[in-house]
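Letters are used for the chains, namely A, B, C and D, taken in the order the chains are written, and counting of residues starts over at 1 for each.
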Amino acid sequence: MSVCQKTLPVTGADTPQPGYRVLWIEDHELAARCVPGMFFELKADRRDQANRLYKPISVYQVREGRMAFMVKEVGEGSKALCSLQPGDGVRLIGPLGNAFPLLNVQNILLVSGGVGYPPLSFLKSCLPPSSRVIHLHGGASAKDIFPCDIVCTEDGSAGSKGRVTDLVPSVIAENRIQLVYSCGPQPMLKALARMVEGIPHFVSLEAYMACGIGVCYGCSVPVGNEFKRVCKDGPVFNAADIDWEKL
Amino acid sequence: MSRSKSKLGKLDFDPPVTVASGTFGTEYFDFFDQRWLGAYVSKTVTFEPKAGNPVPRLYETEAGLLNAIGLQNPGLKGFIGEELPRLRDLLQIPLIVSFSGSTPTEFCQMLECLEKQPGIAGYEVNVSCPNVEKEGLPFGIDPDVVFNLTRELSKLTDKELTVKLSPNVSSIEQVAQAAEAGGATSLALINTLWGMAVDWRTGKSRIGRKVCGYSGMGVKPVALALTYKAAQAVKLPILAMGGIHTWRDALEFFYAGASVVAVGTAMFSNSQAVVELVQGLNGYLEERNLRLKDIIGKVS
Amino acid sequence: MSRSKSKLGKLDFDPPVTVASGTFGTEYFDFFDQRWLGAYVSKTVTFEPKAGNPVPRLYETEAGLLNAIGLQNPGLKGFIGEELPRLRDLLQIPLIVSFSGSTPTEFCQMLECLEKQPGIAGYEVNVSCPNVEKEGLPFGIDPDVVFNLTRELSKLTDKELTVKLSPNVSSIEQVAQAAEAGGATSLALINTLWGMAVDWRTGKSRIGRKVCGYSGMGVKPVALALTYKAAQAVKLPILAMGGIHTWRDALEFFYAGASVVAVGTAMFSNSQAVVELVQGLNGYLEERNLRLKDIIGKVS
Amino acid sequence: MSVCQKTLPVTGADTPQPGYRVLWIEDHELAARCVPGMFFELKADRRDQANRLYKPISVYQVREGRMAFMVKEVGEGSKALCSLQPGDGVRLIGPLGNAFPLLNVQNILLVSGGVGYPPLSFLKSCLPPSSRVIHLHGGASAKDIFPCDIVCTEDGSAGSKGRVTDLVPSVIAENRIQLVYSCGPQPMLKALARMVEGIPHFVSLEAYMACGIGVCYGCSVPVGNEFKRVCKDGPVFNAADIDWEKL
């Protein structure tokens, strides 16, 4: 299906934590096409952003023809997005990327770190009610924490102190996890991939992007013996296929 | 007749706008009609397939883009087997194939092979990619090598033969003259400048390969200077690029001596860049009752 | 002992920051104390007085500054007679004199003459100004010429001898190695890139001389790449510059291999740039309990 | 006297004509040092201007410790200045440059074009009441016109149609002009200089500036056999000294 490119107004915006912003955008056709794992290329429709790149942002929620994105302030581009108010314009390209594959299993673990939260949160809302889902989320401190089942922070300001991967082995053991979905910073994903080897594991990768639509090969990651594009071949990959050493 | 019609050697261009190799794909035709382009330039193809460079490969600086793609491509066989037929079916505009070899012989073999394929209007010989260790680079900076290579290649084809030059040279004039003497029918410039960025927090290079290629807005003054210098040094028409975002940028290049311009990095920030460029250019020419050829090289 | 203390060949630098030749004057000491600088680099002086280039000489682009000053200066005699005594009286920091000749012999004569003057701590040999037709340019791009020139000059002085390199070369490594082999005690880089801008309304060049020098924010990625390349190619310490506006920019250069950095174009947009740079750098080193030498060249 | 460098709030601002803005800044010490012909280097104290040049703007009025500047929107820098509201910050360096020399004569002609208006308007307010002053001002159209004695516009939308220099010969003849001050675009100044040869004539030149304080030699203009800096040796020069051919 073809990718859309539009400029739309922000219909709602709030600040769930300092340094984060949730932007709501209404577009029934686009919203209907979003599934968990997909992302959009977004940028603020502002003069000082005219010559700057779009930034990949996951679909965070979809509700009645509206899509939400949760953006963390990191650099130039995300700062501009976070400054948007209702009524301001957003330029977008999407929906982009593949989706988390859904398997018919019972016990599912979601592991997110930092801005890996939004796509897994969306995924959680779409998993069949019959499955038992545990969402483990970690961040640097309490202000990087959003609703989930188990929390940990590096500075101990919320949940248990440490890395999200510290908790994974016991969670897996205690809950007979059959399937893992993950998204977050690469070192976390790398560590996680080692830990859950043997269990089906789908990971959504982050990569710096230029085009977002598969033409520039800038977002490539080592998968098997070749480089695959996160924007077009991903962002979701089977963790077993990724060459974690080269990443 | 259109005011903005132009020529690049043997190829007519209307509009006088194309795309920078490696920054474009037919995916963009989801966003605008291909006839806004005067021709289509493919991503550079190499003889063998290339996996490309280690990651990360991209970083956006204050004023441009760093990249170290490393010519990831399926190789000549893959290109001819899959990409070329697809492009042939899809394109209603001339196709210029960009290619690069690791030796002069390989360049020639590739051209011979491509000559047998239908649907190719011309070639862009990439002797200037800064992101591959052996390929391209030694060629693009040495006038003698460029002369010899161009001479061999020009014997093998009657189609448009553009040589794409590196800006990372002591004398663009000498390299341009070498390509002209060797039989190139036009020049393309600039490829990316040397670039680098470091994460000051950690001391880590933003790009896996450390030194990489720099393009976009911040290179425009350099690209303009080199376009002007090359245009003064040779009679060949020039396909200019480097930081062109708007029709005003494009006008600067036409005045400096470009016959055709290409949009590269700008596509990534504005997928309508080509359309807006062509519209703006036509508006400018109409308002002043000028033809494009009245302004090419007319900087004063 | 200060964390940020550094060395450029024979000169101690604390702070490890100076100014880019031609972009600074003692007038700026109205705005900050000179001790925020580790040394003072004079505007390039030539043997004969120079009127400089036709106007206009400046233009601000989207991401940097174009200039074609053409080394306007009072000549060596004027410098020694008026400027040098004034600087000697005023400066409490080491003075590095930048100079440029039109022939190797003239370079040597100038150095001999300067050697007789008290109050000079070192020299920056400008072989790289893109804005003069005959002077500098032929020297800076040819490794052999740089080698011979440096060898002659190094015989004439025991003071710090920095050779300032042009970025407009095919191989910065070769030129850097030539200067090292010739006896330079450090390298300074980069001088300005080729640049140009055209008024799209009229087709007039923004700068009288058309092709000119490009500096400022937009050249930073290039300057970083060349600093890194030069640092990999030689053992000499490097005085790096090119688009350094902030302490974060400076850190990138230290990680890439610079021993000292210089602020140039940034002075024009922020007269406190040097002060803020030194403060930021010290803060960074303190917060992480590092010394500057722990990070120089440590990009990974 | 030493040059100051400050960041001050805009205390008042208005838009006398579309595309122009008058900014008031309060600083008693600086205001006391301003004489006609002087200028400041100004820029908007805004993040997107951080790495951009200051722009030279003439002192337009001085009143009770406040200075006014009249800025025309031309490019990036002047646009940013024109967008300023009361309370916003301006970064300034100054006062800079020399001053219009005052001669003890009766009949004085001021000729301004475009943004040459502000310094001559300030000069007029400082000339001795005993002198007879005629201020001739020209612009592209009615929206480039400000209070003066004789107006002309290129499109004829205010005053007489044509160039300001068209009117000069008759004004000089009819008023026995003994002294001319001028400021405006270079072609106008060039033409004017030829016309009024023989009459003392002081001209304030415009030039692109980088440092504004005399260090970079970027603003040089040909005066006699050398190049002089508009920012430090000028901006006011004796028209007879300028090498108009080379300008």
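Convention: a residue touches a chain if its C-beta (ideal position, glycine included) is under 8 Å from a C-beta of that chain, and two chains touch if they have at least 3 such contacts.
Please read these numbers as outputs of a predicted model, since none were measured by experiment.
Inter-chain spacing, taken between the CA centroids of chain B and chain D, is 46 Å.
The mean-CA centres of chain A and chain D are about 56 angstrom from one another, to the nearest whole unit. Distance between chain centres (mean CA atoms), chain B to chain C: 33 Å.
The multi-chain contact residues of chain A, meaning those touching 2 or more other chains, are 51. Multi-chain contact residues, meaning those touching two or more other chains, occur in chain C at positions 62, 217.
A linear topology is adopted by the chain contact network, the touching chains following one after another without closure. Across the assembly, chains come into contact as A-B, B-C, C-D. Across the interface of their complex, chain C is touched by residues 61-64, 66, 141-142, 168-171, 193-198, 200, 203-205, 210-212, 214, 217-222, 224-226, 228-229, 248-249, 251-252, 255-256, 284, 295, 298-300 of chain B.
Contact residues of chain D toward chain C in the complex are 2-5, 43, 50-54, 76-77, 93, 207-211, 213-222, 225-227, 246-247.
The residues of chain C lying in touch with chain D in their complex are 22-25, 27-28, 30-31, 43, 51-52, 54-60, 65, 67, 69, 72, 216-217, 245, 265-272.
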